[in-house]
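Look for chain A in each of the two complexes below; its partner is chain B in the first and chain C in the second.
This part shows the complex of A and B:
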């Protein structure tokens, strides 16, 4: 019990304080939530944040699954090389990697200069300073969070299951769709939810690659806390964000339990 | 009827207050012991922070033996956190003109003891009851040397005759007055701001704005990278930079302040006032201006500045009179409304 109490204090006191502030004032009141609903701008920023998070998650899923699958097929030595290539960027600061995209994708950047040099385009393509830039940067930074657990789960799949399916006459396509893929769904889903939740709180990348044109909730909270300062409203928005995130998490749990159920 | 004493919110709030005061009580003891040979300052950071070090902190430490640890950036949130928990870690805190008004309204500041500061002559607007203006800076129009120079905000808005992408601040306090000036409002008629007209004027240019910047380092970089051809920038970031043109004409002059958080100890206050004194000495201001081309609050500073670079400084006779000072009170009274409309405007992008 004392340990449980210590954990509650250490991990959840800030959250309790925030919840308290969102309804505080001289007495209990929901006025900050009312404000939130009356001024639609905050809810729209929340919605925009969820949209960007969904797109980034989808991009990570589309890129991450084939990558992990390909890594599984490599010989052990090459697998080590591949994993270290995925992990390597973790040692480089997010800020540095975000600025690196400016060098690569900017108007005077490597990609645009190459394309213009080849005569494929006349004016530089606007990769940065819009949603596309934010999605590229976010996907780049969060991809390992999806690939690594997925790759680990794929390695654990018993090869004899696949052999058994083959010996019963299933073509490779069917083996993948009916045996291999369902076995990877839980970790695939877990990785996706992880990426989704991390994107919700992203700050640096949207601030720099969004050019101030992609309003995300973390950046808005920064304004409300540090510039305004309207802590009560910020607490109310954070509470909404927390609740919605928990709902997504619950939904994910239902989905994975269901997928595990079909296997049994 | 809800009984306020029994709601979950009050219970949580009380528990939090109790926990907070425990933390405050234990840490206060340690702070009180360790402070005499060292105090902390919260400031904007970057070259501005280095100019404070060079101009004001070096002479202060030489005279008093007290070391000053700089921490950046400043934020109203950090100041509020310090005052509300009662743990004053930073004896002296930088704020901009709007934040001074906000901090006064939230009762976060100690009154300054001007007798203890014992200032040399300074401009009137730099001397307030709870804040000392220490550094003038300008928000002005800048352009790539290979773009057609602009000489008014109307021309800055004119994308037909002055083609190119723009970068504007992600701060309505700068963009809204500029938008009105571009629309033909005279500087003396700016306040109270006509918000509807300002946003209408912004609508006209927003399709050409690549970046709404947050950090002062962004506009010069965007200009150099050829991401934009025209930018609204802070004067110290572009003045004297190769390949960038700029003008102080119709620029927005502003003043950054230093304050003392409410609840600072007597020793902290004494040290803060001594630093503030150094901020009124023209020779110190000239040393600071060598690091960044912002200028201090002394009317006697001009002869001490490098004469070949006079045009880079916002408070020279020639530059100060063509610029516009803000009305922080108006911004304070309308802050919430402006911020919401600003976010809505950007969401429409």
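This part shows the complex of A and C:
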């Protein structure tokens, strides 16, 4: 299998070498990890990345669940329209969508001018080059990753279950809380974990909307590689990120399997 | 089914959809603005930003590199990925799941890690800043989608039809050319589109390994970090149009292949 060979050479080997780089100069040492732990700068960036990932994930959950729930109840024609509206942005380059947010959120942007026009604020709100801007952009871009699988899982829920609950006299609120919502928890959780993983390694949006003032891991790696040449440190940080990502991915797999289990 | 909070839910749902769609809805009209700074909504319309894109040799060159790399890497990903998918679906050998997971890995591992790893290795073997290096990097990212789409396609193609061909005396190559290939064509084309778009939009690996080569996304990224140039609205709109066209073709192909839209 030629692909296996190509993958080994072009993907696995580089990753292994990177792992190797992180523990070696001329001989094995954990020096780079030690430096990583000792320098507060790197830990701060790590913490900041986790914070932004957590906030964006939460925002996606709050926006995504009701959207998917609403889409489930639509008639098939409208459902197709809604799904297309979710999928289309997904196909448009992340760069393009991030760029649009500069226009929307800038000091002279749509949001600020509207708010000032309404007399609600006097000075423009600093969305750009701040965490809020990064969170808004990230949420916008990653929302489909949560909505699409969640919607698919909701469609698979047997309507008769809900009818049965209704025929037993449960009010809609109870049906939702006791029957519908519990059935969607695994896929909801899986979607949230997926968004979280993706934000951890996110590069373009933080770089552009954060303008270098909202440091995230991926951007720090770029600086370490392209501007400072500190490869070993970059390799050590990548390894940490890789391990964390794989751990969360394992969680994701468990949740998707659980979701398939409950819906079968 | 009776539902919870119908009207508020509808309002909320529509608002979230608007939020999702807002970037596209803003960029496209702005690209036709005549104003020299970014203001929305535009007051006068013109094609000046399209002009400034098409008359700038640096953008044209970036476009050429982007297309070239996307073509080469997606074809490579399609060829290698399809063969691998065939082997994975039809073959019976130990470690299949592990190999499959390995092919999917570039989709899961954050691209920036792939970029760091490739940078370190390419720097050693002299592929840094070369076209082959760039193509290899992009191919890696396209492969998971090809394997995914082609595996589904091959799995849904009845193995007995292949066996009939063999029993009628066809060699594997004849069977492949006359039976398998025509049937898999729509899926293969869809997978190719996916790999193509993946490469065409790719920024991160490109930023790390492309050296002096400029692709459209890389040039866009660099300009966006420095300043806000309205020419980018025109490029963005062209890219949106391009992606939407490919998306429509992709959806049609998947439907034809019977992989989508069957209820």
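For the reader, a short list of remarks on this structure follows.
Keep in mind that, in the parts below, the second predicted complex is superposed on the first by the 233 of 264 C-alpha atoms of A that agree within 3 Å, B and C clash if a C-alpha of one lies under 4 Å from a C-alpha of the other, contacts with A are read in each partner's own complex, and residues count from 1 in each chain.
Methods note: a residue touches a chain if its C-beta (ideal position, glycine included) is under 8 Å from a C-beta of that chain, and two chains touch if they have at least 3 such contacts.
Fair warning: this is a prediction, and the values are worked out from it, not measured in the lab.
Partners chain B and chain C, once the complexes are superposed on chain A, run into each other and clash.
In the superposed model, more residues of chain A are touched by C than by the other of chain B and chain C.
By the document's definition of touching, of the two partners only chain C reaches A:95; chain B does not. In the superposition on chain A, A:226 makes contact with both chain B and chain C. In the superposed model, A:108 lies in contact with both chain B and chain C.
Residue contacts after overlaying the shared chain place A:207 against chain B and chain C alike. By the touch criterion stated above, A:257 is placed in contact with neither chain B nor chain C. Within chain A, the residues touching chain B in one complex and chain C in the other are 13, 17, 21, 102, 106, 108, 207, 211-212, 225-226, 231. Remark: chain A residues 1-4, 6-7, 10-15, 17-18, 21, 63-64, 66-67, 69-71, 73, 82, 85-89, 91-104, 106, 108-110, 140, 143-144, 159, 162-163, 166, 172-173, 175-176, 197-198, 200-204, 207-208, 211-212, 217-218, 221-222, 225-226, 231, 234-235, 238, 241-242, 245-246, 249 touch chain C in the complex.
In the complex of the two chains, the chain A residues touching chain B come out as 9, 13, 16-17, 19-21, 23-24, 26-29, 39, 41-42, 44-45, 48, 102, 106-108, 126, 128-129, 207, 211-213, 215, 220, 223, 225-231.
Residues of chain C that touch chain A in their complex: 1-4, 6, 9-10, 12-13, 16-17, 19-24, 26-27, 30, 37-40, 80-81, 83-84, 87, 99, 102-103, 105-106, 108-121, 136-137, 139-140, 143, 147, 197, 201, 203-204, 207-208, 217, 220-221, 224-225, 228, 232-233, 236, 239-240, 243-244, 246-247.
The part of chain B that touches chain A in the complex is made up of residues 2, 4, 7-10, 12-13, 15-16, 19, 75-78, 80, 102, 106, 170, 210-214, 225-227, 335-336, 339-340, 343-344, 346-347, 349.
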